[in-house]
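Order of writing sets the chain letters: A, B, C and D. Residues in each chain are counted from 1.
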């Protein structure tokens, strides 16, 4: 189903920007896992708007209410459903969207898909706001992974041409990931953030927006997880990552850059480390060979297009009039969503990593 | 399942490099579709090895035998199963692989995954040879798509840094795609091929290999196909494309390049063309907004890592001895698989496009 | 997933007897379908307890709150999530269940499955209360089916050996079904109800319970819907019906009785009726041949075991003490759930019928 | 997909009565499982026609050819595909079926479903012959189960009103099941077989057919396997059992008879046996409570309608002429398929039991 993901750990997102509530139902979690609410709220805060001039000034009260699935803060094994009430909704901003579809948004394609019956307010079910329950689900999965020694973190690898340094694909550390996965606007090299912020501010002042890249790492995964062909680790992660609004590209390890390497460079030589463990000297594979984990860090990138909501006047069509028209999108928007996207990418990675363990027989039904 | 793909049109690949036979079972095809065997064989010939110095000199007799599903060349609606007998197998080349896993291959991860029980001969089920039945399935789907006015074609966009010109994302034509989808080593600009061939030959003489990028277009898809979130067109295509061996990155439209654009550039303005049809002036979206087709050409890229089989000596581990070792891969290998990968990418796109129609209620159960 | 059902129309149930709320998320509904709340509430009222001495005297305020998916009472095509707050909960009744699993209930198997972390209060996620959101989902689907000329109704075919007359499998009428599907304790022959009520009362006074059979019919389904083998209509309906608590048997048409017939009796002869339509003179097939609908009424039965909650003292185990023990279940319970089960069976049939249409390409994505 | 079943252990059946070959692809088997060919052939022999006057005199050479998935008789973990060539095909018997659909067969519904493009010869993909590869797959799964102490066996519980005694639901033994699962026409009480044979012979001489019931038991399953609601053990088994041609009813434990019991009878009291294991004194639940195994024997029944192919003249329609007609089915047919159905039911149970273990995290990916 379009708003559900996963076979063993299934998340189902529901709601829209201006519906009564949005939420997520998570089915298949192991029973007996304590879920710390503070850690969940900390992840949700990283995604929340209104923190910073790089993002929209809209404020959302994103406090999730758990309807079921936890008993005294511990998973029961039954579906965990959490909802977030929608309160701060300014529906009037969106009145004209049914007439004039916004370029770069799903207004027009949703019109075709749903015959005009879709909820247009705030983008409806296509709204980036749906990433809030996704982060909720990711934060739950993250805590289960942590107990298995698996850590997920990401950083803003690039915005509008300004690049952070990349993860060292062999040596990425738990310490670094745990620093990054607590930050708003995480970067490895702090000076990179200044340059990125300057680009975002420039776009904001110009009524424009900019895109970027999030690089994410998952460490602690055992080797041998995953499957060949269509059930490989890349397929699994890509299938959830492309569900994040604005993601237009995903690659693993050297990824697109591998296309420019020679085999003698890109092949990662195996060796036994001092402790008798098999490792690779390089990690162009991003921790995956033949769809199966090597045990080295899993590293991937997701490319985000610039926020389609911009203040500049744009050409579009007037649907009821069947003629060309002009549109100026009003309201408060993010000049760049990439910093807020980092925790969303991590959330997707946490969910995918837990599903990977479950599919690989490495996740018991009880804690 | 790892070797099956699709919900409405399900393909299941089976076999390995040196098993009795390999094949594909296709379930869910509409009944009453005439399948021309010659067109199928033409697609399979594009993928076959041994045609050219850019590829391995191994020859395969890839004549598929249809066991069921066609009656007088027309689909019955029941599963269509086709097999290809394996004949030219030189098992001795692979004897040492159980001891010394090849860097860049799945030998080591398969050892972990299957506890050493997997068929190591020729890479077993991980072999690129499994793309032969994938191309078979794609060629069947392609003929059904053609009757609906949908055309798929691709070209080698880059090899080792030498680039072909890209598809014009708004104007890519049926004529161009139909020229490309008949060629071995398809390129838009013929001079690009010379430069690519030079790079491949250089790698071959050096006992090395090179990677590259395939760009693919699907035209004729109706607008409004697909779904939001996890069932979007990008998710669907990525989930099959990452099943092609050696694919390490996938992007759509401007893709990773969108991360460097501004919103005012990347947003594609809508307009009514002379005939009252909605189109976009640019197509940075690659024909997809919110996971749903716009009706503009669907354009995507797949990045291929360099062939991991190279003739150079490589460091690896000696598994039974638990010590580091050296490996020289013998046998005949492709210095570059990208030209042969183009028809495989197209096949995956044909299967995904037919599945997309079926999921979107645009494919009848009877022709 | 255990609490989700369906590929095209997916329902996900969540919650437990004593959680904050219970609910259902429905994904895949066509857009543009008006859903009348009154009709939904009427179906939910049929299932509600406390109406009658045949059932528990517990009262539930089963008013569903729609969180999303409807706009002005019309489906948007996005997931429809509805919740029911739990208010009348008497947790103290269930304190001892963790020690002394109730015979006939899932207490012991849930203990094994969830390692004791499951929510035991009121049966938790295994509670019959979860049929309330199932009826909600069925009532939504029923209204969409009605616009396609499809009607679903059922009756209590038997309780404790007292039988109602059966549906006439060829002539079951819309009028009859529409009478039955509005009633609490629906029967075809009114005198049957008296006898059944007497049996229930007898069991109630004795602190015991009785089981029974619900027979259900779906009329108006087009011929040719469904699939062979594992995706047949029987498989589809059985896979949801066995999800209703207490169902231990399902059969179609003559069903188990067909085992006692001869082929010459059980084969339903085809004929053209006056209007040129193909019909069968008998309908032992229950409207299904080879997993595919014939166009005749779809008729099936579901067998319900007696309510496992009885007031009599029962032998069981004392889990923490690892010794045998005695248990007397207190609280208010249904001496017979079969009358309340009829609307639940109908709800499951409505959901399955809509899924069947969707899988068969007979349900558009837009009303 | 209609001809595939299972999420973790997926079987895909292909072929038809008169196609080049029929077969099965099994994906998801654990690696490293030795499969004895003799045991597989013994199971296939039980299903083969032509052994006995109770069945058709047609002979089939059902020798399967394994294309892939076994290496030296041991599973590799890659898909196992086995085919059976079709040789003894008498196509002429079926020429008239396109005109005159056989009552009780899928000829008419397939005509609607496939628009007349389906392969009508011998019933095509609807043929009972497809149970041969199903038995193949079951025989593979059975050997894996046996190593885990799980045994499956069945008997002909009834034919045309003549009944065998039933399994003792608490004490059914491995010895009994292992006697039954080697026999053609298995019964518990040998005198029952005589009476059943008499009924079959009577029907045969009269050009008619009779139906019956197969009762099956699975012992050795651990408690705690399975899931609540729609992923329960009943749902899982029913979803594959209704895929066997002619099955019209399925029940578990007391099943339909439970509808006639009181709660105080039907509730199975728990107790600790001498060895500290939890058991139930009775087993009306058939080994399943709340969709989850209790650890007691899993017992179920499948009802088979009488073979629709009979020699008597029958009323039907003449499709091209749009008028009523008469049909006499010629060729060789089974007056009763129930004895040959017993190994098919067992095969389905073996596949479902292995899937159940896999879904419950009780089946490792490596032997």
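Please note the rule applied: contacts are C-beta pairs under 8 Å (C-beta built on N, C-alpha and C of every residue); 3 or more make two chains touch, one makes a residue touch a chain.
Here the structure is a predicted model, which means the values were calculated and not measured.
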item	value
Identity of the chain that, by mean CA position, is farthest from chain A	D
Same vs different contact residues, chain B with chain C, by half of numbers used	same
Whole-Å gap between the CA centroids of chain A and chain C	38
Between chain A and chain D, centroid-to-centroid distance (C-alpha), Å	46
Separation of mean Cα positions, chain B and chain A [Å, integer]	27
Residue numbers of chain A (touch at least two other chains)	1-4, 7, 13, 78, 113, 125, 228, 365
Complex contacts: residues of chain A adjacent to chain C	1-4, 7, 10, 12-16, 19-23, 25, 27-28, 31-32, 65-69, 71, 74-81, 83, 113-119, 124-125, 365-367
Complex contact set, residues of chain D against chain C	1-5, 13, 101-106, 108-110, 112-113, 125-126, 130, 158-161, 203, 208-213, 223-232, 234-235, 238-240, 242-243, 245, 247-256, 258-272, 276, 278, 280-281, 284-286, 288-295, 301, 303-310, 312, 314-317, 322-324
Partner chain C, residues of chain B touching it in the complex	7, 78, 228, 360-361, 363-365
